[in-house]
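In the two complexes that follow, subunit A is the common piece, with subunit B as its partner first and subunit C second.
Showing the complex of A and B:
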């Protein structure tokens, strides 16, 4: 009887599964192809590979043309995330508490890089920083990436800040905490999930960013996306697939580490359970 | 005894609205004063001014003669329990309770001992390592109380401390708070919109309306001899009679189509508009129209049995008056013609 009455509920569930499945294939299939090609034994890109080997992986891991940019990207990502967090946290607290005038305008301004084409911003930064001789110094790259990643930290921290009971800080004040101590012992620990999640986003955005890096990096400061682009422009070999695999694995390792340390779903929900 | 609180001429404005409009209040050491009033009357703002969470626009606040009105909250050394309790969710109960001591740099051993004593005071022993989210509402309230008391502040501020609890717990905590306050002899200000709560807990009730204090007195005085019609109507229930004073010392109440005798010394000149208020429990419902005493004839509209009392609604002309009698007394049936009587001195009269 039950089998004869699948009904709209079962059909809806089937449709949902189909939808999710198709979406997953669209997202994951190209990645899977890249990861498989990375292990090819051929000296050209073909799918499926005629045979398997680690030669391309070994080649890129030993190639300074890839490893130097990879290190640059990691350092840049860490620095950009750290600076963005240091700037975004006080801004988020001020905006969230509405302790400054124009807090809505300030928020819109700081989030603006999200809706600005990265290439336009990169050009603007290039012209601007060139005046100070910083255009390709590495500092320009950092400044550019801080501007781009700041909105991600700001948004996640702001979401947590807005969820905080304002009387928590007031209670700390009445109990004898100066503003600085109340910030360190109450606000900051409660914002931590948002700061960690936001900085993680910031790192990942910086790690993958191309437009600003392309215009503001030099031969010594080139990031991994720039190096990959340069390589692809001149050769079409499986080295690109191999370095892509290295990059994907690195990101997965970062995510797994954070998952172990904090629990990612809790971070992404970025909300502190209220007392 | 320590902890005398003097509030003098306090004014607090938000933009063009005046939240607290020149409040002067003395809280004797070791006593409990309730700030009672409807929402928006300024009672919470006044409490925040005392705590230092809102800046004064005028006036002064002094504890034992020392003006604290200009100090930031962290230098006032007062205790406060917030309406939401505001327990730090990332700390255990013990860490919450120790927070004030930590800010004062109290030694670790002494802090542990004082936290244990404070938690014992509110009967939260054994809950030291729990997080606030693992406590019931009543336990959270006790934890917030322990946190406020651990530094032994001269004055304790309670903002609607019982409003988040269910009715049964609220009644129990009311007595418990009162008992604790007496035992510690700590000067306490409690903000509440619940007149029963204010009456049950406080030595002195300050009834607030529109940023001002209408009356400060003992609960009994506030109830029996309200200074203003607002106080009379906010504290307890009343029946309203409005009319014009006559030459014979009566109030001609058009709505009931009759005259009621005014008490001695009512202060109304002939022809003046007056407002008279009567408490429901001062009205006697009589089947036969007796002699003497001020009274009004009417017809019973509704009889509501409420356990320990019976509420009788009587229509007198266009007005419906409420009389409350002890449960178990003889009650008339709806539709019955009755006579409402009261003692002349129970009529509370003000000029309009």
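Showing the complex of A and C:
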């Protein structure tokens, strides 16, 4: 039995490696296909490409029909993440400390957008915002994206808030800090990993969001997913693969920049839990 | 370099807010188009004409028909879209729901050159701006002698002549009901026969396609040898790939169209844009770019374009009133028997 153990461990490692390898292939293969097709020389999407060229990358990089929505998506994602964070942090603190009545109900209310199908939420927002003349304005789109990204920031910040040592805030009060000072100097820095991780989530959710943007965007505020959908509905060229490659590279650059400036592991939740 | 203050992140995010939300009310008229080459054509042919006439640039929004309908229904009388390109069925529904203005022949003089058949079923709430037809594409290297008519093609698919390398449109795609209507015309109006045929073909159908992109990709990747597809794209593909052939089986095909309409409450300038869309010069330019036939009878196609456009006498305009009435029952039957 003891003699069999090393063989079993080796097989187990092999199986684990196989499992991870297969999972990695399933996750990475579609991305690889998109990245390869982005460099095709053909006029239609085909894999493997008959030849390689930069023509589609050049086309989308010089095409305002893709570049303006890309910029819109980036700005909207940043703005939605910022507003969602501003709204979610006080809510998470209040709910986490149970300093308001009905905190469980409030949490459920703020997380409610997650329970609705995105298209139903988008239709509801369209008809609701139309009453205020905001249906296809930039503000309406921002409101829509804040509604759908807020639960992600709230959940992340709330998880950190619930793990905080309440005695640290009490110590600040004992030492004479006002509630505002204690919040800014103690609570907020401790919540930072949750805020950054939640905001990053919010940005990525907004950046990729389609249903709300489809119904609430206008010619000037159309986002990249909307532009891609409208392109593929009637066009069969590989421009969508090229713009997808641009998008993937952009997300990687953002993550690398965050890593360079802040260190992603310092910002993320796992570090706090380890501490 | 490590930036530690969360305030820096906050400042970056907040500054995006100021930039992200465009200020000021929208003054321009908003028109719609499909994306890609359709958008290019709208800019090059329609918007340029409009600018010549009015000195103004329209905002061109790439939007699908069902999204336009949602927006019009959300803001009746104050439409966020001023010239809409709708699907045939949506145009009929929008007219019936009071969301559209009737076409004004005084304000759109080019309408007089658009035959009545392109407006009649829509009760003059909308006009066709261009149309196409669903035809057959085959891999010429494999299918050397494609059937000359639809019924033979269907029987051959049913008999397994092409193996499981065939794709027809699904009833659930936007033009699926029109294709189904067209098939009923081949079988003496019998829906039962058409659904029996759909069912009989199922074992030999690679897929009843829903996404046009997916369908053409399957054909381009040579996963299928026979594809029922739109003529403009089919001929364009065949032109670039000598192994691919496109043809119209007898007795022709059904008409599939883009409808042009002015939502109720849109500014008067919208008529000017519509007149531009229907002008002979813009219509010809549009046809040359998108490879679909247009509706202004004054347009004379160049020979190289004429040979790839489905002639009007080869297309049948669907009976949309009947289709609207039958769609719920057809979908129910499709979901129970075919899907």
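The rule we apply is simple: the second predicted complex is superposed on the first by the 259 of 275 C-alpha atoms of A that agree within 3 Å, B and C clash if a C-alpha of one lies under 4 Å from a C-alpha of the other, contacts with A are read in each partner's own complex, and residues count from 1 in each chain.
As a convention for this text, a residue touches a chain if its C-beta (ideal position, glycine included) is under 8 Å from a C-beta of that chain, and two chains touch if they have at least 3 such contacts.
Model, not experiment: these values are computed from the prediction.
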Partner, of subunit C and subunit B, that touches more residues belonging to subunit A: C
First (subunit B), second (subunit C), both or neither touched by A:126: second
Contacts of A:52 with subunit B and subunit C, given as first, second, both or neither: neither
Touched partner set for A:102, first subunit B, second subunit C, both or neither: neither
Which superposed partner A:189 touches (first subunit B, second subunit C, both, neither): both
Which of subunit B and subunit C A:231 touches, first, second, both or neither: second
Partner chain(s) touched by A:170 [first = subunit B, second = subunit C, both, neither]: first
Partner chain(s) touched by A:178 [first = subunit B, second = subunit C, both, neither]: first
Residues of subunit A contacting subunit B in one complex and subunit C in the other: 189
Subunit A residues within the subunit B interface of the complex: 165, 167-168, 170-178, 181-182, 185-186, 189-190, 272-275
In the complex with subunit A, residue positions of subunit B that touch it: 51-53, 72-80, 82-90, 99-100, 102-104, 131-133, 140, 147-148, 151
Subunit C-facing residues of subunit A, complex: 43-47, 65, 72, 74-76, 78-79, 81-83, 85, 123, 126-127, 130, 133, 135-136, 138-139, 142, 188-189, 192, 195-196, 199, 214-215, 218-222, 226-227, 229-237, 239, 260-263
Subunit C to subunit A touching residues, read off their complex: 1-4, 6, 9-10, 12-14, 16-17, 19-22, 26, 30, 34-39, 59-64, 67, 70-71, 73-75, 78, 80, 212-213, 216-217, 220-221, 233, 237, 240-241
